[in-house]
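You will see two complexes here that share chain A, one where it goes with chain B and one where it goes with chain C.
On to the complex of A and B.
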């Protein structure tokens, strides 16, 4: 067990709706998300003394949000980041609180990810906004290598070649996450899809089709971390942080595709640390979240984190294994593929709600933890939701993990 | 000024010899005397042994497709003249390069043999690309 296992908790979560477009500033959305997380926790602005955020030079700052909400902070920091940053900021918050720099820290991400700057930096329909490609970009951008779909498509293509896996495995993930979105009133896409729908959808960047790609949205999302002692006095039963790894990197991260096997991703180096810290094994995990910028990023992280062996993920996900009420439910809010795109915060938020037994679904009594477990009536709460493993993806070369447990179920 | 609207590489002092060679239609990479190995992309020191004894040497320009993608959905007007094949080519000498493959997309395969060619895309700018060998 890790020295700090179960000493720190997530006590508040909140987000704006997923919008396309928001017609709002990132400051306005961040204030809404942080306020909702405070309300969820039963905290006032004066109870928050630390704030962190991550962004891609596309968002407001902690200082702006603290000013707007009347907070005086003992600590604030805004980092450059994307996928895998949420879990890293949780680890960072633990360190700060343990060392006495702050007591209760809110972490947020606010982005006009649809109507503003898109992933890859392009404006749809416009020319690429840079005339010259500098630094590392001089060795890829000129050839038209500019988007995550192209970059990860490269890893996926080699993975299919090396393992014999087919894109029907990608479809299993798209179908499972969409089914969960169908049970989530907040999700952008709620119509269930089939494996054949996936196989018929148009190509984006081979081997990725449209239904392999996430739904970029305008959204802000926030979570609050504090110590166990404070957590017990707050509105909800605490969700305990058992362990994880944060922004774990592969060797040779800068020139990623020179690594011997491109799809040997960063999670491979991290999962023993996370499970060791948490003091659990894979069979103790009731459900997972698994960063789904693309179907493939979920698939590859399952084997990187030891849920199955190398090259086995395609077989592992067959037959709806990742669906609710099956062996290993994944991304119960619908994830990036179907709920919307928060750069990973939403997965932590959904996991917290599931572990509290308070998934915000169609059940009239969800706020009190009363669920029907009837999927035909829109219930998405797991019956047994005690331990969750959240796996997050930066690039092939970077990953995070956050293992949480609840006490409500 | 040409009507080329794709981003053009801006060499750094370290990478300039690579781009100057490409303009002469030569493929030259750095060779580490200590490791007896070629490296790419250009660096000040070998990433394996950290030696700064690196020499620019010509390579064969032959290799295989390590992986590829066919871009059907242009992310900007600059690349809307597709579909196009993006690839990582592993040279016979070892290093991998990102590039385009000039071939019908349906004919491209992982491990397909390829050979270099030089595309003078704009005045003073040459991109290293590959075609089926």
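On to the complex of A and C.
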């Protein structure tokens, strides 16, 4: 038993649809996501006394959302952050609750990630007409090396060189996550794909093809964290936070050219801490989530978090290992690759739903936790979903992890 | 094969920490930062302190501008207008020959190389060249293959 065991819970989750475009403000979307998370938990605005969010100077604030929904908060904060921030805000919420600053805290992300500010600086309608390269951008935009695909492609190429892995391993990730999206009515892309479909898709930044890259969508998503005492009074069986690490860095974090191994990522430094905190080993994990900004990012997170050894992920994922009903199901909502792009929140949301045994799938009784487990009829609920390891990432340099436990099944 | 970049669509803004670096490229010099206390070298030059000893006494080291390709990516979908006419182009990370330190620390830089992916492989030696941009204040360093190597690796499908 670790220090956190059974003390803090995720009790509510909610999100808007994935839209392209939303034609809505980030404030409007955030209010919808927060309202849905409250409804999911069985909480009223007056029950919420803390709110945090993360953004990239592209979103609304906690104070705006609280004002709109008539909340009077004891704590609010909006941070700059990308992938891996959801788990960090959960860690932060735990600290606030433990210290007595707030009791029940909403964490949200709202973004017009497709129609508004896109990752890597791309503007709606095509390339940036005249780009200004200042700060860090002096030393990447000047050589046309700006987008996440271009940046991570460099690490991926070195990974292929170092490990002998091929892009068919990337394809395994795309195929597994797409299969899960096919079982998720909320997903943007629901048609199953094959390894060959992946291999035939067009290049974006070699070694990445189109089907290596995540979807960009307009969406808001929210989760609610509270203490065990409150959690048991609420609508769903609580999901307990067992352990994790939050926005852990590599050395030389901001400029990754000169790190000894380009694809040695922050998770390598964190997983022993997370598993130790949770008091579990990898064999206790029923399913995982990975920050799949790209197929490749899933591979290196599996290695970094000790699910396989360095350079072994290509073999590890072969044969559909990450698919539902196989050894280690991953990103059961379809993830960023196929469901849509929430900057990481959706992984936590799906993990919570699975651990409650209430995946919102095609089964008529999902709200009561009744599932058919018949994939041909659109059931995506795992039979056994007790412990989940969620692995998140910002860049190579930054990572989080959140190990959760359910008591529903 | 030279990559054609439309520099009228790219505005580089040097800052107090990088002005000397851009001035050096105008004289066709490729600089990296060097710590005046412990000798550690690093890139990019907008980092104002030494990652080994935290000194802010950051000087400069003039490299020979030669190195070995450590990794590369082939960009086919540009998002900066200046590079729309340049695709496909290869960006590489280059490990500099003369910045290796006793404890194994290396300094790597990055830059555009070529339109022709088949020229490029991990392990090949390369050298810096300097390209006029039409803006007298900015000369852009680029990289070219400068020889062959026994052991190289190239992406294949």
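Just so we're on the same page, the second predicted complex is superposed on the first by the 399 of 409 C-alpha atoms of A that agree within 3 Å, B and C clash if a C-alpha of one lies under 4 Å from a C-alpha of the other, contacts with A are read in each partner's own complex, and residues count from 1 in each chain.
Everything below uses one rule, namely that contacts are C-beta pairs under 8 Å (C-beta built on N, C-alpha and C of every residue); 3 or more make two chains touch, one makes a residue touch a chain.
This is a predicted model, so every value here is computed, not measured.
Peer 1: Clash or fit: chain B against chain C, after overlaying the two structures on chain A?
Peer 2: After superposition on chain A, which the two structures share, chain B runs into chain C.
Peer 1: For A:12, is the partner it touches chain B (first), chain C (second), both, or none of the two (neither)?
Peer 2: neither
Peer 1: Output check: A:267 vs chain B and chain C. Expected answer is one of first, second, both, neither. What do you get?
Peer 2: A:267 sits against neither chain B nor chain C.
Peer 1: In the overlay, answer first, second, both or neither for which of chain B and chain C A:344 touches.
Peer 2: Neither partner.
Peer 1: After the superposition on A, what does A:334 contact: first (chain B), second (chain C), both or neither?
Peer 2: In the superposition, A:334 touches no partner, neither chain B nor chain C.
Peer 1: Who does A:134 touch here: chain B (first), chain C (second), both, or neither?
Peer 2: both
Peer 1: Report for A:82: first if it touches chain B alone, second if chain C alone, otherwise both or neither.
Peer 2: A:82: touches no partner chain.
Peer 1: Can you list the residues of chain A that touch chain B in one structure and chain C in the other?
Peer 2: 120, 122, 127-136, 138-147, 149-150, 153-155, 157-158, 161, 202-207, 252, 255, 257-258, 262
Peer 1: Okay, in this complex, where on chain A does chain C touch?
Peer 2: 120-122, 127-136, 138-147, 149-150, 153-155, 157-158, 160-161, 166-167, 199, 202-207, 251-252, 254-255, 257-258, 260, 262
Peer 1: Which residues of chain A touch chain B in their complex?
Peer 2: 118, 120, 122-147, 149-150, 153-155, 157-158, 161, 202-208, 252, 255, 257-258, 262
Peer 1: List the residues on chain C that touch chain A in their complex, please.
Peer 2: By the definition above, chain C touches chain A via 5, 8-15, 18, 22, 42-47, 51, 70-84, 86, 88-89, 91, 93, 104-112, 117, 122, 140, 142, 153, 155, 157.
Peer 1: What part of chain B is in contact with chain A in the complex they form?
Peer 2: Against chain A, the touching part of chain B is residues 5-12, 15, 40-41, 47, 66-73, 75-79, 82, 84, 86-88, 95-100, 105, 110-111, 121, 127, 129.
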